[in-house]
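One structure, as structure tokens, below. Some questions next.
Chain nomenclature is as follows: A, B, C, D, E and F, assigned in order of appearance, with residue numbering initiated at 1 for each chain independently.
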Amino acid sequence: MALKTLVILFSFLLVSSESALAQDFCVADTSGPQNPAGFPCKSPDKVTANDFVFSGFANPGNKSALVKSSFIPAFVTQLPGLNGLGLSLARADLDAGGVFPMHSHPAATEAFVVVKGTVTAGFISSTVNKVYSKTLNAGEAFVVPPGLLHYVINTGKVPAQVFVAFSSPRPGIQLTDLAWFKNDLPSDVVRATTFLDKDEIKKLKALFGGTN
Amino acid sequence: MALKTLVILFSFLLVSSESALAQDFCVADTSGPQNPAGFPCKSPDKVTANDFVFSGFANPGNKSALVKSSFIPAFVTQLPGLNGLGLSLARADLDAGGVFPMHSHPAATEAFVVVKGTVTAGFISSTVNKVYSKTLNAGEAFVVPPGLLHYVINTGKVPAQVFVAFSSPRPGIQLTDLAWFKNDLPSDVVRATTFLDKDEIKKLKALFGGTN
Amino acid sequence: MALKTLVILFSFLLVSSESALAQDFCVADTSGPQNPAGFPCKSPDKVTANDFVFSGFANPGNKSALVKSSFIPAFVTQLPGLNGLGLSLARADLDAGGVFPMHSHPAATEAFVVVKGTVTAGFISSTVNKVYSKTLNAGEAFVVPPGLLHYVINTGKVPAQVFVAFSSPRPGIQLTDLAWFKNDLPSDVVRATTFLDKDEIKKLKALFGGTN
Amino acid sequence: MALKTLVILFSFLLVSSESALAQDFCVADTSGPQNPAGFPCKSPDKVTANDFVFSGFANPGNKSALVKSSFIPAFVTQLPGLNGLGLSLARADLDAGGVFPMHSHPAATEAFVVVKGTVTAGFISSTVNKVYSKTLNAGEAFVVPPGLLHYVINTGKVPAQVFVAFSSPRPGIQLTDLAWFKNDLPSDVVRATTFLDKDEIKKLKALFGGTN
Amino acid sequence: MALKTLVILFSFLLVSSESALAQDFCVADTSGPQNPAGFPCKSPDKVTANDFVFSGFANPGNKSALVKSSFIPAFVTQLPGLNGLGLSLARADLDAGGVFPMHSHPAATEAFVVVKGTVTAGFISSTVNKVYSKTLNAGEAFVVPPGLLHYVINTGKVPAQVFVAFSSPRPGIQLTDLAWFKNDLPSDVVRATTFLDKDEIKKLKALFGGTN
Amino acid sequence: MALKTLVILFSFLLVSSESALAQDFCVADTSGPQNPAGFPCKSPDKVTANDFVFSGFANPGNKSALVKSSFIPAFVTQLPGLNGLGLSLARADLDAGGVFPMHSHPAATEAFVVVKGTVTAGFISSTVNKVYSKTLNAGEAFVVPPGLLHYVINTGKVPAQVFVAFSSPRPGIQLTDLAWFKNDLPSDVVRATTFLDKDEIKKLKALFGGTN
């Protein structure tokens, strides 16, 4: 039997199953409405290799004077091939003395590797409020369990560069200071629920742009 | 450096990440088509605190003479903030002698707490058909594993009030009597698959509004 | 054919499948080692109805003078029938002016219903730090998305009673104040990662029993 | 470079990663305690191809005179390679007029294919108690959504053979008649929660071996 | 009280909850856009029993001369009632000497039962590249863990018929030969990443219709 | 009221709930038996910050002459804090011309970022065997959907360094060449299921250490 015939027959076999198959991926159509599972899938016809590529990690992001750190996310919005796949990436940079203030990722695990420099990272357990902290040099990695408060400080003398992975294509990031002080939550409520002094709250609301 | 400048810089840092973030919640747009994960998300701009509030638990629901019980659900349709979040609530009331007839929740766990009165609740295992039953007073809670047949009877002398939680924003409720007798399932089929007598089936079809 | 024979034959049919069946539940053997899915299952022979019952919600828990609130959990440790079932309960009470300070539940949804009194509850989104807050009377329910900072204050004039459900048999509870101030996290680290003043930190470490 | 050297080097590369790898499977050690995720894994050293094989589908099981049907499960207990893998199989046979009485599978989807004969299958929705029923010949398949009441009757003239798949390695099977009548659930409770007559209950308890 | 009144009252009770209920199923509207959880749900009003039925397993599919085997899927596209339910079916046939070449199902478990004939099936572990292989006669079943390479050969003398179940309504099927040789992947890349000879690659690209 | 009293009372409140709490993490006790959800949890008393740290990424692993690449995993075995958390990391290095041969990760998503050098990565869809390939420079990231065949080649002129994340703490790695040629799978079976020539198979079995 000629090869050509074989190909035709074999293709025929497969064609019948191909049309039945799942999409291997569900690249986010970020213009569509989200649902609890993520974004609708882009039509497979329009998907290209670029949907699986993110090119923004070459340089550090813009650092703020307050925290001397920057954060570049490659979440599903930036990297639509991640839609539904339980993973995302980020690049973080901290100048000497820079910091990622206390924050948590609701429902996502974080793990990161230090590429350059030295940082001190820590998270705090909810059960007994124990601090798990470690100073990490280039080549070391650290895991933060989901939802727990944690921080990173550049405790070295040179800029630090870190690559971060999350167990969600859409991890949230809740910075406690912004949650408490960058909105219209009444100062009395902040006081009653945080035990901070009135003046402290006033000062931090001013710093982060909160009202009331 | 002035505070104002700090705020600007810090905000700048965050803004870049904010746009990348997940929605923290996916409030149901109940006008949209459901999918296996739930409803599409309402646009975050239109979400208000009320989407997370249900106000219908103040009084018992209307009780039927047959079962002397009422049930008020706060599922995703009534409380759209539950969409995708694996949880829902309900209030149940039973007059003395009232009952929640044999039923199951396909694929959802139930747990409830008795707020007032006394009820006897029970579920039946599928493996060895064992009854796990208990009379519960105010302040006691009971767990029903997913999918198993169970019932609740007010075995006290006063009305009972119960708050219920389910491990799904859209728990199903299958009452066996309604499944068997409130539709056009032919009596012969009911008989062959339940071993009930012809007359019994006829009587219950009449009671629950079934035909055939 | 005699009924007795039928029973024997039918039982025979079922016995062969019974031995193959899943356990309908996996009551926690809390003496065994946990794993990511929960506790090992107690032997079905030793499971009784009491494994599905919790009797500790009759009265409020002990309230502390600082927060004037109490919390009684019915998590898997107290109610072993919840093991692996994605649900748990709690009772919370707040005297007038009482509060549940800022906290989050890593990875678990919370929903609660006010049984008595009036509370004001709020949570803060991570994306734009918006406050979703509502004053709730008896008969109203509120949902808190997983992992987000939230608080409850008794803003009424009488004690409030609340029943709470969580979408996990083992929800964590992270109180920010305890995470920051009830351990040996160095004050310098707290300062660098929270922007609080040195004196404030010192005062709160003293209040909550922290060192360093 | 000699092939042998290449092999050594390449193997060396892999060995370092092999020791880090997941087990590809977790064959059930059915002697160990279950947990919510299934059985502990058998040591990989002791796993053989036979752990992935079930050989009991060659002939029909023993049929009871009451239902004229038989059921042979290949669940995780019979086929330990299924542990943790979200799937199981079964063979079912029904003589002409044979039946699988009303039952549900708590939390598992069922799909089956008719290999020989003709059956009528149906399930009932929980929302509006609608019957979805179909007569199926050899070569036809049917899906039953999780947790819903359903039945199968051989409505043909010859024995029917069916292969069944479940979306769980440990699907439960709850037969309503056995749940109601094959235990010590008091007749009064059965009556109050099913609306069946006293005599009917008495008769069925006798048939299925129940007491009280 | 008259029966009719009872029915009305009981129905009233239920109606209030019915409108709150989950859909028991989410039949795929295959015209809608997929998302990571599957297809949107067809409106329940339009769902019929046929949405849960697949009628194409009566005869073997068309066999190709190359592999002498055929495959008929009943995945979500063919059997829309499977949407979101973690299960699908297929029929496979192999003439004597027929084969299902090396392939894997990304992320889905497979289990199959031999209905007629004799096949030899095997899968290969990723950890130590061990082959788990078995010759299976009619009445025997085999499990393939998710994502692992496997194959089936008809090693008997007569045509073999097999029913297959997958733990996903949309299992993928990746045939290694097609992945490597039925596209424009440059021969140099194939060579560098498979260690196959140039001529071999050329031959197989010709056989399967690849270019470059 | 004195601060000390407050602390005591507040602590009292919390202690009652602390004992009820979930573990925030489940650090792997790698000496215990695995189950489908992972390893048993190490006793929280024995957990230290080091359980969340991996220090082996400072230098490239040992490269083999055949593939000129190395791979250092930080999976749950190396980094026990990852147990149950849906995430792991790895470092990969490729000399110029080095390669990670065709392989797949059963059921895990991969995403990686190029830290140094230039690589060309590609994966192949299962549905239409389309190649999604891209040349990536330092600062670029790439996503590989779960279970699909993919490869990476250093197409630059200098060594490349890559950090990899997986959506599983125990991702499998199946290299097609090893699966086919590094075991006792009979050459006839390989031939029948891969369409490779006898001589090719013989050569590759010799290269990778296979028999038969």
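Here is the rule we use: a residue touches a chain if its C-beta (ideal position, glycine included) is under 8 Å from a C-beta of that chain, and two chains touch if they have at least 3 such contacts.
The structure presented is a predicted model; accordingly, all values stated were derived computationally and were not measured.
Identification of common neighbours of subunit C and subunit E yields A, B, D, F.
The set of chains in contact with subunit B as well as subunit E comprises A, D.
For B-E, the matching interface among the pairs A-F, A-B or B-D, defined by over half of the contact pairs being the same residue numbers, is A-B.
Relative to the C-alpha centre of subunit D, the farthest chain centre belongs to A. Rounded to whole angstrom units, the spacing between the C-alpha centres of subunit B and subunit F is 41. Subunit A and subunit C have Cα centroids separated by 26 Å.
Measuring from the averaged C-alpha position of subunit A to that of subunit E gives a distance of 34 Å.
Mean C-alpha positions place subunit C and subunit F at a centre distance of 34 Å.
Across the assembly, subunit F contributes residues 21-24, 35-37, 85, 106, 122, 126-127, 133, 145-148, 172-173, 175, 178, 207 that each touch 2 or more other chains.
By the document's touch criterion, interfaces exist between A-B, A-C, A-E, A-F, B-C, B-D, B-E, C-D, C-F, D-E, D-F, E-F. Within the complex formed with subunit F, the subunit D residues making contact are 1, 3, 5-7, 9-14, 16-17, 19-24, 26, 29, 32, 35-41, 43, 83-85.
Interface residues of subunit B, counted against subunit C in their complex, comprise 18, 21-25, 44, 47-50, 52-59, 74, 79, 81-82, 85-89, 91, 109-111, 113, 115, 122-123, 125-128, 132-134, 136-148, 163, 165-167.
Those residues of subunit E lying in contact with subunit A across their complex are 33-37, 61-67, 69-73, 75-78, 106, 168, 170-173, 175, 178, 206-209.
For subunit C in complex with subunit A, the residues that touch the partner chain are 99-102, 104-107, 120, 122, 124, 126-127, 129-131, 133, 145-149, 151, 153, 172-180, 182-185, 189, 192-197, 200, 203-204, 207.
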